[in-house]
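What follows is one structure encoded as structure tokens, with my remarks underneath.
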Amino acid sequence: MSTTTPANTGAHPVEQVGGQAATFVDQRLGSNRFLKRNLSKVFPEHWSFMLGEIALYSFIVVLLTGTYLTLFYKPSMAEVIYNGSYVPLQGIYMSEAYASTLNISFDIRGGLLIRQMHHWSALIFVAAVAVHMFRVFFTGAFRKPREFNWIVGVALTTLALAAGFTGYSLPDDLLSGTGLQIIRGILQAIPLIGTWLAFFVFGGEYPGGDIISRLYSAHILLVPGLILALVTVHLIMVWTQKHTQFPGPGRTNNNVVGYSLLPIYMAKAGGFFFIVFGIIALLSGLVNINPVWIFGPYTPDQVTAGTQPDWYIGWLDGALRLMPNLETVLLGYTISWNILIPGVIIPGILFTGLALYPFLEAWATGDKREHHLLDRPRNAPVRTGIGVMAIVFYGILWMAGGNDLVATAFDLSINAISRTLQVLLIVAPPLAFIITKRTCLSLQRRDRDKLLHGYESGRVLRLPHGEFIEVHQALNEKELAVISSKPDHPVLPAPQKADIDGVRNPNYRKDMLRHKVSAFFYGDNIPKPSAAEIEAGQHHAEEQAAIEAPLHEYEERDVIYNAHGGVLHHPGMPKTNAEQAAEQESRT
Amino acid sequence: MSKRDDASILPANPPHGEPKLGYLPVADIPHKPRVTDTDPKAARRAERQVAGMFILSMLLVVLFVVAFVTIDVTTVIYVPVLGEVGASNLALGLTFGGAVFLIGAGAIQWAKKLMPDVEVVQERHNMTSPKDDTEEAAATYERGKEESGFARYPIIRRTLIGALALFPIPLIVMLRDLWQTPAGANPVEILSSTSWRDGERIVPDIGHNTGENVPGIRPEEIPVGGLVSALPMSIKDLKDDVVANMRDRGKSAIILVRMDPEEIRSQQGEGWDYQGILAYSKICTHVGCPIALYEHRTHHLLCPCHQSTFDLADSGDVIFGPAARRMPQLPIRVDGEGYLVAASDFEEPVGPSFWERG
Amino acid sequence: MKFLSHRRRKPWVATALLAMALLVVGGGYAAVSSTAPAEAAMGSQTQVEEGKRLFLEGCSSCHGLEAQGSMNGPSLIGVGAASVHFQVATGRMPMSAPGAQAPAKEVIYTEDEIAAMSAWVASLAPGPAIPTAEQLDFADADVAEGGVLFRINCAQCHQAAGGGGALTDGKYAPSLMNATPQEIYEAMLTGPQNMPIFSDETLPVAEKQQILAYIDALQQAPSPGGLSLGRLGPVVEGLFMWTAVFAALIAAAVWIGIKAR
């Protein structure tokens, strides 16, 4: 082979075949045009941008392992006598669904591994979805032009919960069956249609003989189908709109700075898939999840202490536990507020609010600009406060969902825990909001100081005339870019009641409300220093530098190494008295 | 050596430290070369690292197959920290997980150490379409509207909308048979009655064979402080009908408790106990969990799901938690043979509330 | 291949052997000594007196001088020897402070002393006797049926895996993981603290033995899927996922994002 031949013909045989295939496809689909544009697509890099990838990859693991499970699982409530190899259940009547789950766990080689991978990856999937969503929320990545994708994300979150719950019940063990019983109670509490709805869902009076196969079809067909479709839409939108990026040197609202798809993201994203897959498989080999054989087959007259759902439903269970026992009977009809509010109304309000949030915030702040540069959470204190408030709210409810475990683990009374959490649920989220907002504002103030005077280096100098000053160090390029990226969020002006000619402003009340909400959002923000202020600050720093210059000269002779806040020993380090004395002695 | 020759026919690699893509680093984005960019030895080391991970991955797949074939699925081994665990699951998980993980780790290491790490810049374009495009689209729409006559033929338009509105109806109507309602069946009546009736023997719940070979429970068999989970004897006739059996268990399950008659402060009906033996539904009135956490000194009955607490010495009233309704009590008596029987059905529906319950 | 049976450490074998040894020795003693019954009665009489002495010293401040009960402790008349043995041999009695929950702790009496106190309380009024070795022998009991009975009668408080659970106002049902068959049997029979009584009539001896067999299986059970996380259910699994697992995933993501040196 000669080095003068064109690269194409001189390519590796595999590449030649690949090239022919690409041509074959291109002639039919025009795919090369797409490849030309997209193989070098640039993605910004940040660890938090990979949270969505964790969700996607764990979902792929869920699909793969789930497909394997369908080969062995039997979605039937028909009664069988178990005669598999798990002794403590041999000869017991149970549903075929439960028996086949036991077979997967005890008789099929690798079955338990796959089952555990399926369950662990499902937990990780929902968790990654939630964390990804919080990342998007806290950084304001949902703002124009990405509101649609936020809504798709909210829908995906809901579907992830549905996928989790429908799957949780399939083994038909005592724990998950009790969960179904609770769902029936919630369905029955829905006014007007609830009673019939429960009968339709269960195919008759609870538990009926249909629910497992119905959940199964939802779990393996309907819900994952919808998730796949929406994930596709989600990714197409990310692709089209290009990924957002954090502020930094060279990063603007009009560019994307990062690495190109081929080869770097191909390797990194592909590699991360295998890493997530690998971690899930290792975890499933090492740590047991959902030992269904311990709980026994489901029958509606048995129960176990410590009845809780998986973490993502746990907050709803906690809400059910904390709700006071309100029920009203009106004209002979029962309204079970104790179930409706925590089981239907609160999740309904939360998810609707979540979906509408981008529009609410845009309305409140009057911000209609396109945003591709992410907010630092501190620069949007109210939004950050709302997010933290939601986390605290969720945390308290989840804790309530495990209050019996908390009680036994810490030797407390469940009654006391429940009452405390009831109070905390009301008090703690607003408190968290206030603390977060104040913290954000303090951080903003610090940023302003840094822009004006640079770092506080912690070194105190005494000037010749006796004055003490602290030396301030200049910011490095990256910090400067990040801090000065802070966007301006002007508060919407207060409207006039009437214009100069005395004509009444018809939108006065609406505009006044928006003014107030916008002031609530950004009114307390610490303004970024003006250019003149920064210059004055820098001038000051230069003066200081001049004072310090002789000192620097001295320091440069013996470089002091600072590593992770600690000081490594170095010949130039100040010596102890004893050392100095010893040195002196050796010299003389 | 031949591999190196192969490589030489491809466009020569730029020297280390320079971007290998058609992009140039942007002036204001700081960049520092890596060790692998400047030191060929380090680059070679990274290459070996990556290849090593891939080789190890292949090895682990082989081990996986070996483990799959040789380790019996029921073997248990002791592993420090983990305790006594299934050997098969552990071996399969570690080999498979390791193999997959190493592919990923290798790829990442490759990307980080050997692929270019110079950040590049791409311009963004406003998402809004150019004005011309929008106008053209609008014109096309207008033409389409005109050509179809959608605006001109109101009858067609309205009937089409009507037809589209109606066509999903069959799909919804067909959902009606999700519950094939037996003739005359009404959910409210179904929920309002159980299998208990006057004279129905109470038998202890022993699982699938409940009611067989057991004539019933005599009052003297339950000591003060005693608890029995019980079912109607008729459940033995439903043994082979799993749906009916489960339904009955989910509704007719009761608990029998006995307390000193002097400790009973009130009950739901005059004389519904039998010498201090009280029968209460086992199904929580909140959302229907079976509930039998009975504390015989406090007479409290606690639900393990949401901690509703009922005082069985005081009409089964709610004393804590989210349940709004007291636990229904079943009136009991003793039949001619001296066994405990129900005196009637429950007087109120058991289990969670529902709209028509009243 | 039976999953559990082939590698069980078989503590019941030890129990059974011990019981057998006792029977042989006891039987041999009875056969050799013709005056055994009278002596036993005599011995039992001194035992009762010793028991009363120990009771007056250690228990009467709460249970009253005649075991009639007081503000601080219930009457022990009719609770039987089984109750005394359960409470004292698990260290629950004497309590460190009066309260609804009597936690198990270090046992302060010797076996002989416990037997003496049991004998004295049993002499006050008839009550459940300490279960015989025969009653505790669950070697032939059906484990799986025991599981069904366990889930009907026990799991609501002690949790399906026997790990224990919370009751009202800070009380709890203890874990069964370290309970001996005798303790479990006595507890079912006597209803210690707030646990209800499961009499031999409503839960016959054979069924109690099945439950013993199942609890034994739970105590011996390995965790086929790896680290068991205490078999405490989804909340603990969720916590583990959020902490350990997510930390690993985030660490991987951070590693990917950090520039190589």
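The letters A, B and C name the chains in turn, as written, and every chain counts its residues from 1.
Criterion: a contact is a pair of C-beta atoms (placed from the backbone, for glycine too) under 8 Å apart; a residue touches a chain by one contact, two chains touch by 3 or more.
Quick caveat: nothing in here was measured; it's all calculated off a predicted structure.
A.B. asks: Which chain wins if you rank chains by how close their C-alpha centre is to the centre of all protein C-alpha atoms?
C.D. replies: Taking the mean of C-alpha atoms per chain, the most central one is B.
A.B. asks: With contacts defined as at the top, give the pair, A-B or A-C, that has more of them.
C.D. replies: A-B is joined by more C-beta pairs in contact.
A.B. asks: Could you find the chain whose CA centre sits the greatest distance from that of chain B?
C.D. replies: In terms of C-alpha centroids, the chain at the greatest distance from chain B is C.
A.B. asks: Taking the mean of the CA coordinates per chain, how far is chain B from chain C in Å?
C.D. replies: 34
A.B. asks: Need the CA-centroid distance for the pair chain A / chain B, whole Å please.
C.D. replies: Chain centroid spacing, chain A to chain B, equals 21 Å.
A.B. asks: Could you tell me the distance, in whole angstrom, between the mean C-alpha positions of chain A and chain C?
C.D. replies: Centre-to-centre distance between chain A and chain C: 46 Å.
A.B. asks: For chain A, which residues are shared contacts with two or more other chains?
C.D. replies: 45, 85, 92, 106, 112, 116, 268, 271-272, 275-276, 279, 283-286, 288, 301-307, 403-404, 414-415
A.B. asks: Touching at least two other chains at once: which residues of chain C meet that condition?
C.D. replies: In chain C, residues 1-3, 145, 148, 152, 156-157, 165, 167-168, 173, 223-228, 256 touch at least two other chains, as defined above.
A.B. asks: If a residue has to touch 2 or more other chains to count, which residues of chain B qualify?
C.D. replies: 74, 82, 85-86, 89-90, 93, 108, 117, 205, 207-208, 229, 290-293, 304, 307, 309, 320
A.B. asks: Help me check something: in the complex, which residues belonging to chain A touch chain B?
C.D. replies: Those residues of chain A that touch chain B are 1, 3, 5, 7, 10-12, 40-42, 45, 77-79, 85, 92-93, 95, 106-110, 112-113, 116, 145, 178, 181-182, 184-186, 188-196, 198-210, 241-242, 248-250, 253-260, 263-264, 267-268, 270-286, 288, 299-307, 317, 320-327, 329, 332-336, 338-339, 342, 370, 372, 403-404, 414-415, 418, 477-478.
A.B. asks: Name, in rising order, each residue of chain A that touches chain C in their complex.
C.D. replies: Within the complex, chain A contacts chain C at residues 45-48, 50-51, 53-54, 85-92, 105-106, 112, 116, 120, 123-124, 127-128, 131, 174-175, 268, 271-272, 275-276, 279, 283-291, 294-296, 301-312, 314, 398, 401-405, 407-408, 411-416.
A.B. asks: Of all residues in chain C, which touch chain A in the complex?
C.D. replies: 1-5, 142-145, 147-148, 151-152, 155-161, 163-170, 172-173, 214, 217-218, 221, 223-229, 231-242, 245-246, 248-250, 252-254, 256-257
A.B. asks: Name, in rising order, each residue of chain B that touches chain A in their complex.
C.D. replies: Against chain A, the touching part of chain B is residues 6, 8-11, 21-23, 26-30, 68, 73-74, 82, 85-86, 88-94, 96-108, 110-111, 115-117, 119-124, 126-127, 175, 178-181, 187-188, 190-191, 205, 207-208, 229, 231, 242-243, 246-247, 249-251, 253, 282-283, 286-293, 304-309, 318, 320-325, 351-358.
A.B. asks: Applying the document's contact rule, which stretches of chain B touch chain C when the two form their complex?
C.D. replies: Those residues of chain B that touch chain C are 32, 34-36, 72, 74, 76, 81-86, 89-90, 93, 108, 112-113, 117, 204-208, 217-218, 220-229, 257, 290-298, 300, 302, 304, 307, 309, 320.
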